[in-house]
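Look for chain A in each of the two complexes below; its partner is chain B in the first and chain C in the second.
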Partner chain A sequence: MNQDKPISFTSRKAKDKTAYILVWIFSFLAMVPLFFILWDVVSKGYKNFNLRLFTEVTPSSVDALMARVNGDPIPGGILNGITGSLLIVGLAILLSIPLGLFIGIYLSDHKGKKFASTISYLTDLLQGMPSIVIGIIAYAWVVKPLGGYSALAGSVALAIMMLPMIVRSTEETMNMLPVAYKEAGLSLGSSYTNVVFKILLPSGFGGIFTGILLAISRVMGETAPLMLTALGASVVNWKVMEPTSAIPLLIWDFYNDPNLVDLIWSTSLLLLIVIFLLNWIAKIVARKWKV
Partner chain B sequence: MESVKITNAQKAILQLKEVSVSYTPGKYAVKKVTTDIYPHTITAIMGPSGCGKSTLLRAINRMHDLYAHISTTGEIILKGKNVLEMDPMEVRRMAGMVFQQPNPFPTMSIYDNVLAGYTLNGIRLNRKEKDEIVEQSLQSVALWDEVKDVMSKRGSFLSGGQQQRLCIARTLALKPELLLMDEPTSALDPISTNKVEELLLELKQKFTIIIVTHNMSQAARISDNSMFMYLGELIEHGNTTQMFTKPQQKRTEEYLTGVFG
Partner chain C sequence: MKDKIFRFFLFVAALFVLVLSAAIVYALVSRSSEAFQEYGIWGFVSNAEWDPRSATEEYGALSFILGTLYTAFFALLLCVPFSLAVAMFNGVYFKGKKIAGVMRSVVDLLAGIPSIVYGLWGFYTVRPLVIDLGVNAQGFGVFLSSIVLAIMIIPYASSLSSEFLSMVPNNLKEGAYSLGATRLEVVQHISLPTAASGIVASFILALGRALGETMAVTMLIGNTNRIPTGLRDTGNTMASVIANQFGEADGLKLSALIAIGLLLFVITAIINLIAKLVMKKLSHA
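This part shows the complex of A and B:
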């Protein structure tokens, strides 16, 4: 490199400007698909995005065909999918949070130990596992032995998908907390359990809760594993042992039924809104609960 | 070990007998320290960085138990009982610790921070008992007047010096026998440091204080007795005034006069 020759100020400025413009253009380009997705979903989905979508179950194909012939709007909504998603995801949360928290705390506490490192590595593997494979596993573990498709089977599949995300966010949050909190708690004569539950978990609440919300928003749109486990249903079902529908399952159903295809967009719109809301709340919580 | 006479004729509250601490087998951070600490005194542990002063302090309340690779040997007798054979939780309630960085619990209010020792130990108190303990503890660290109207605010709302006094109050609330302080003023400004030092002089009426400091003038200002440690060994332990004016050991003299440090 020639160190002696000074580079002129104007040429440095020009280089800086060019780099800046390039970065700006590429960042903008990366956002373009998102804008198109949003535009498509909103412009096509708003028509059927009404009260009926939230209060009625999916119409039969024949009813939808009749309405179509008469020029009426589609006679039904996706209530069965909304309640199904609430049931399946809710149950998945109950299954994955306690387990994820405990594993995360264990990992952050035993950093560098052989067993913990192995678990940590396996967690990474689980995170990269294709969702359809997890669906098949849940089919073999839950659907087969229990003799039928069920919301529970769907929840198990989603819980397995959420687990690594909750573990990772708990572990990382715990690692970020100053060791001083732990030592201060213990130096007051506290048991380790009390330090974890009364000091560390509350202090790390923001980070852990954000991780949980992001995990929920990720499995909210999962379809493949639910096809193999929850199957779907055209009625509202709150029983964990019965086949149950879910919002993404309905989108797949609508895609396969030319008479219901118009509902795809409003259903997708709802799913997008839910996921954006979760992400937005996660951002606020992360900001408010900084320790 | 030859040294000047230690102030106080009373019976020792804490006796260290050949206390050694190692982080890796065969390598000692603290080597066979033997000495006595007397009630109602302030003992300063001095020495250059890495000489084992914090390590020795943390052995007393069994903080090394948190880390499996650290081993402590010897005997640490606190009020007649060997700390190393006691339930660590009981030891830590008897020997409270204040750390270098003020560390009030971030999710707790000032009020709850003072009571944290009770909450964490599952001790239930009624409202009146709680109020009494909080007021007493905050009075004894001269923080009561400053915070009595903002009790429900988070601990982090306070200034660094106030936070450290809150942490001292939190430790005192459990009425320990011994107060172990690990460079409690090194993160504080001079005015806050002065307040904490004044406070310690008051607190020794009720408690016994061991303070680790790398600030020699602080040791000279507040301590009754001083321990000088070097490379894990206790070089000298004696009356502070005598030690600063007529140290018995050559290395103590060199350290105090700034030959090394």
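This part shows the complex of A and C:
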């Protein structure tokens, strides 16, 4: 602060005050969209948010149009999307969790070594990969060779997205555990395998589980990769090799079909509730089982 | 013995990341080779023509590359004041206070909203406002997508920045305060310069997010296959053209779309690498 003339104290005070107010205003403005989005989704979505949404499949465009003309509520729900999301995300969880845990444990055990740093860097690279590119990958690996769109292809895409997040949270949690845990276990003659499964993983449960929940909530709303892989279906499908719908895919369908537009907000409302619920549980778990 | 097997399993799992990455690059390269062989890499990248009609079939990526850069950089520009404000709110002005926790939760919620819901909100709520502003008749275009994109990347830019700001050592700040500096002067001369490379890295990472963002942009940019002439114009980004045209594509067109995916992958990888280098510089300083 090399000023020749001293700046008056009042002007410095005034600048300080202005900056403080600006930080408040801009921070507040950054929060505004959330409330607008929530208001939009809740106020437009609650009307069709009923039992039917959960028990019936998506109506055909023609049925929806007929109901519209007659002034009836839209005849159907999104059961096919709910079951599809469960199937696709569930399978992605099965594919990504064991692998993610193992990689995370390996990385925290070999911190600073060359191979581990390479793997760590590649994990970051995977995490930064646009979801649409991951969709292309799953298309090239699963859809093309197996000759058709399938829930499995969607799960592979989502699993690739979840993997780096689970690796990171496992690694970070393991790094936070006191080294004494591991050393005490080993010095008592316990095998490394036992130390990992009986001491490290249980003690790090909170952090790891939080990471998994956040990863699930992140892929729950993914649409782009599923468009290239799971495609969508208008019936409930539990077969992994068949095209399958998902909640976000249905939002996309409704967006493109003016007759089904009445379902768009209630579906979005359900999706937001699921995602926020997962985030909320993750927060509670993180607080309760703090490492 | 059991331990050896288990350790071997862990190693194989780690090795899997390497295999996965290699397989990803291989899949993208091999599936896009048809387009690159047809036009050459430079020919494909520098051609703005995208014409899927079978008689005059021709594919180039330039319109989408420029469309992506326009929207992402404009979104980054828009998000800077808000992200910085939130970062300073959480990391400096109200560091450790309850209200910073509230702000953080709000930002987390913003980050949790799926892209497609942002797209819906942009279509039904922001688009009419953009039309009222007189930007263009339909509202769709670079301007609308950038506004929504900016809101979407605020959480990424601000949460990492605020972490770096809050890591600025207290004794530095207290030193300045004891010399009679105001809070703004401490922020200006101590906090921001000390955390500078971390903040820059967070904004680079946010840019990476904006470059690859798909659904919201696809719903808002207007999807025209030409170079946007300005913020008011419609266009297409690399991600949005893939999302829009992948379904009905085959042959050369499919290969060209995957080639765009490969380019997008390379661009985001470079962006992430730069962010990483900037952060590394920070840890050495």
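Keep this in mind: the second predicted complex is superposed on the first by the 267 of 291 C-alpha atoms of A that agree within 3 Å, B and C clash if a C-alpha of one lies under 4 Å from a C-alpha of the other, contacts with A are read in each partner's own complex, and residues count from 1 in each chain.
Methods note: contacts are C-beta pairs under 8 Å (C-beta built on N, C-alpha and C of every residue); 3 or more make two chains touch, one makes a residue touch a chain.
Please read these numbers as outputs of a predicted model, since none were measured by experiment.
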Touching partner for A:L271 - first (chain B), second (chain C), both, neither: second
First, second, both or neither for A:S191, with chain B first and chain C second: both
Which of chain B and chain C A:E183 touches, first, second, both or neither: first
Touched partner set for A:N279, first chain B, second chain C, both or neither: second
Which superposed partner A:M31 touches (first chain B, second chain C, both, neither): second
Touched partner set for A:D124, first chain B, second chain C, both or neither: second
Partner chain in contact with A:G45 - chain B first, chain C second, else both or neither: neither
Which superposed partner A:P202 touches (first chain B, second chain C, both, neither): first
Chain A residues touched by each partner, larger count belonging to chain B or chain C: C
Interface residues of chain A shared between complexes with chain B and chain C: 191
List of chain A residues in touch with chain B within their complex: 178, 180-191, 194-195, 198-199, 202-203, 205, 291
Residues on chain B engaged by chain A in the complex (per definition of touch): 61, 63, 66, 89-93, 96-97, 99, 101, 103, 105-107, 116-117, 119-122, 167, 170-171, 174
In the complex, chain C residues that touch chain A: 2-3, 6-7, 9-11, 13-18, 20-21, 23-24, 27-28, 31, 81-86, 88-89, 93, 103, 106-110, 112-121, 123-125, 151, 154, 158, 182-185, 187, 189, 205, 208, 211-215, 218-219, 239, 242-243, 246-247, 257-258, 261, 264-265, 268-269, 271-272, 276
Chain A to chain C touching residues, read off their complex: 1, 12-13, 15-16, 19-20, 22-27, 29-31, 33-34, 36-37, 40-41, 99, 102-103, 105-107, 109-110, 115-116, 118-119, 121-126, 128-133, 135-137, 139-141, 160, 163, 167, 191-193, 196, 217-218, 220-224, 227-228, 248, 251-252, 255, 264-265, 268, 271-272, 275-276, 279
